[in-house]
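Both complexes below contain chain A, partnered by chain B and then by chain C.
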Partner chain A sequence: MRGGIGGITGRYIPGDTLLHRLDERAKLFGFLILIAAVIMTDGLWGYLLMAVFLLLLGFVSGLPVREAYGSVWRLMSFYVIVFLMNALFFTSQDPLWHWGIFTLSREGMIQGANVVFRIAIVIVLSNMLMLTTSAVGIMTALEALVRPLKYLHLPAEEIAMILSIALQFIPTLLEESDTIRKAQIARGARFESRKLHEKAMAMIPMIVPIFLAAFRRADELSVAMEARGYRGAKNRTAKKAKGMTGSSWAALLVCAAICAAEVLI
Partner chain B sequence: MNVTGYNEMSSVKKSIICAVCIALCYILPLLFHGIQDAGSIFCPMHIPVFICGLICGWHYGLLCGLAGPAISSALTGMPPIAYMPTMMVELAIYGVVAGLMMRYVRTKNTYVDLYLSLIVAMILGRIGAGIVRALIFTRGAYSIAMWVSGYLITCWPGVLIQFVFIPTIIFALMKAQLIPLRYPQQKLDMPRGQIEKW
Partner chain C sequence: MNIIEGKKISFRYPQGRRQALREVSLTVQEGEFIALLGHNGCGKSTLARHINGILPLQEGSLLVAGMDACGKVDVWKLRRKVGMVFQNPDNQFVSSVVEDDVAFGLENYQVSRDVIPGKVSEALKQVGMEGFEKRMVHSLSGGQKQRAALAGVLALDPDIFIFDEATAMLDPEGRAEVLDQIEALHGRGRTILMITHYVEEAVRADRVILMKDGEAIAAGPPREVLSQGDLLAQTGLLPPQPARVWMELKEQGLVPEDPEDRCPLTEEELAEKLCRSRSGA
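Take a look at the complex of A and B:
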């Protein structure tokens, strides 16, 4: 975890680009369509199409390259482990190399590359969504997503509120975790050790402080919300939602087209 | 039934705690990601779901169990989408059973309540996940041996961590007055200054 754990999911960066202006519901539904496309992506051409699309998305979003794609590099050690585990332990009839418990095969390497590419694409997509959508926007989009639950007499507004607060807490808690991690390193924790049990033992003392810090934040927020008269999402008023614009529909169509192309390739 | 303890919390506070636990479902596995195969060995995502169910009740435990893996999968690709539905079922059962057990089991001893709730939730969650895999997600390609290996043998360090840390975390939260005492008439016997040390 070189360079800390912060920044894996970005905070909203205000802007006035096409991606920023898109309706937040279109962005969330488009994101879900693209996740489906990622699941169906297979083969070199499929990944090339996705890579070109992600580059275009980064260009349209106007985000700094480091913010838009940097999160992929921060998980490099994870990708290497995932790739090696697939490449060296895949059961194959036609191994390229075999030694002890390790079997290197072409199928294993392809499987490992597939998993790594899919994870990397999902991370970039989610990063773009979070960086270009405000907290209120994400809550509006989530409300639209869970609205059908109302027909089952489930508290859709409250569920949307909980989910949007969870997403807003992620960057804050990542920072808290990073601070606690640094404090543990100062006390002699060996996160960079090559030994598995030393790494695991170093993680364990972080668990209780992280929960205490998180619950302290939760306590402060709930006191603040109650002090301002919040009595549940049901009684909450909301700004009138704008209708979906032409560009939002067009964005959804593009996402659907990418998904269809990934099925056909 | 005399309702005290956790039930004193407002629904707003329970909602925020649930949100925090969902966020922790994303953050804790991220801390462990440098360790090879950490997800299936240490089960870091299970801890916030159990805590949410135990503290806030079964409704919130259910939401945390369903939303935690979904958000983590959408943001980081972990757990992989193919494995996510089984995990959602398993964690949802943990959250629901832990919440229901804490609601109905009242032995006047918080430790006993917590351990009983944890044990029953762990057993039912694992059985539920095994049944769902055998009947729906990996139909015909799943066996008792695979279930024992995946849900009992591989993850024993995670179970041990959960048994040690979940009651500790809950007592630490009570001591820090971030959640109410389950039995207000009983004193906490945690050493003074322990919270400050954490």
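Take a look at the complex of A and C:
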């Protein structure tokens, strides 16, 4: 799906770029370090550093610009809502404007902008991770990430398998919701309405079919997995990670350096 | 030698109002191509899922590839002997890359990591998908997706292949691709159980088992079962198009009486019979 919100968690695009070749575990751990960096990001220089880094990342990934960054623009209405929620409900000693429960302030607008920028950065980062890492790669990395859970007697392999399949199914479900949406439009639903409550009401008839479709898919997939001899993730041939090469370690160091820089700026 | 031997199999789903299967008996010989024919909800898939061990046997007996499915059978071993391709190509892929998905079954059976790539390539070659190893599953056509799913089953080298309405969601081109693969498998001596509600597909089988409301109401060679309009009508099905044309022509007296009276089931057979009757006239 290329329209709508389908590009938020993009599908893997095979390639042989530096980002594709990195060890999956390094990519996932690097992603988590960068999430921490995004939380620390503040002020013009902090965002400028992150923007330069994202541009370089896009260049290294070899992904088309539209695939790498396009998902950011598809959530524009969401950003507006998030910004307004922060800008109009921030409790400030020095309001610029006040009306009923709404208070517009400089601090509120800065906080709103911060939240929006951070969400947009996380979306680009997660998109790049998903677009350059196969489902098996993601699963291998998740297995490594949740491995310590074994010591708590939790089913680490199963958790990794569930997360991996869930991630893989997101684009499929988004496609399905788009189909349902079009079917509802054909029957008179008004998603294009500018009024928020009308938009929200129009979403309600979509929720039930989307849930039903998700459950049906999950049921069919579990039967197909069983039919192919699946009996729990731990009784399988172990996955082989690509291996932590020099470039994988270097990528982790870069992520750590970005995080440190964001703390210091 | 019988590879599947089921006697008086009955089954009811936990919340089911009626019996999904009622004393169904079937025997399938090694290398045989069986079409399980019937309308939706008649119990075809339920029966197939017993053979693969997905559903436990409630009543009756079932012997599959020498394994007693009604005892404490190791379903994991049973599933290695019986491979299944399902209806919806999109809901049976565990991985987004073709080679990773084909390897899924092999990984479940703890096949050595070093052996897996060779087996994956061989399976993809058998279904005519060499070079598709790195392709994304979602970029494949419906027919290709089903062939990739078949490759995942082939990689495990089972004795029996079950196709559970594997062509139902495909366009004509995709259907032809899958049916060609099924015939090629049969040609290589594999045992096939094809579940379908398309009479035109059942024509290709060695034997047809016709099901209605959880019961097997008829079984025999396609020519015997599929040319009986009244019998098929009980299940809401019609004879294949060529058979219907031939029956209509006979009723109108436009073709001479044939002492053999072999009802044509395919377009080729119909054309041949019409040519023969015309030259006879």
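We adopt the following convention: the second predicted complex is superposed on the first by the 250 of 265 C-alpha atoms of A that agree within 3 Å, B and C clash if a C-alpha of one lies under 4 Å from a C-alpha of the other, contacts with A are read in each partner's own complex, and residues count from 1 in each chain.
Basically, a contact is a pair of C-beta atoms (placed from the backbone, for glycine too) under 8 Å apart; a residue touches a chain by one contact, two chains touch by 3 or more.
Treat the numbers as computed from the prediction; the structure is a model and nothing was measured.
Once chain A of one complex is fitted onto chain A of the other, the partner contacts of A:119 are limited to chain B, with no touch recorded for chain C.
Using the contact criterion defined above for the overlaid structures, shared-chain residue A:217 touches chain B and also reaches chain C. Which of chain B and chain C touches more residues of chain A: that partner is B. Contacts of A:255 after superposition: neither chain B nor chain C is touched. Contacts of A:225 after superposition on the shared chain: both chain B and chain C are touched.
Applying the stated contact rule after C-alpha superposition, one finds that A:11 touches chain C and leaves chain B untouched.
When the shared chain is aligned, chain B and chain C each come close enough to touch A:165.
When both complexes are overlaid on chain A, the residue A:28 reaches neither chain B nor chain C. With the contact threshold set out at the top, residues 165, 216-217, 221, 225-226, 230-231 of chain A are in contact with chain B in one structure and with chain C in the other. Only residues 10-13, 15-20, 22-24, 26-28, 30-38, 42, 47, 51, 63, 67, 71, 73-78, 80-81, 157, 161, 165, 168-169, 172-173, 176, 178-179, 195, 198 of chain B touch chain A when the two sit together in their complex.
Taken in their complex, chain C has these residues touching chain A: 49, 52, 54, 76, 79-80, 83-84, 86, 88, 90-92, 94-97, 100, 104-113, 116, 134-136, 138, 152-153, 156. Of all the residues in chain A, the ones that touch chain B in their complex are 1, 5, 8-9, 31, 35, 39, 75, 77-78, 81, 85, 115, 118-120, 122-123, 126, 130, 158-159, 161-163, 165-167, 169-170, 173-174, 177, 181, 191, 196, 199-200, 203-204, 206-212, 214-219, 221-222, 225-226, 230-232.
By the touch rule above, chain A contacts chain C in their complex via residues 11-14, 134-136, 165, 168, 171-172, 216-217, 220-221, 223-231, 235-238, 240.
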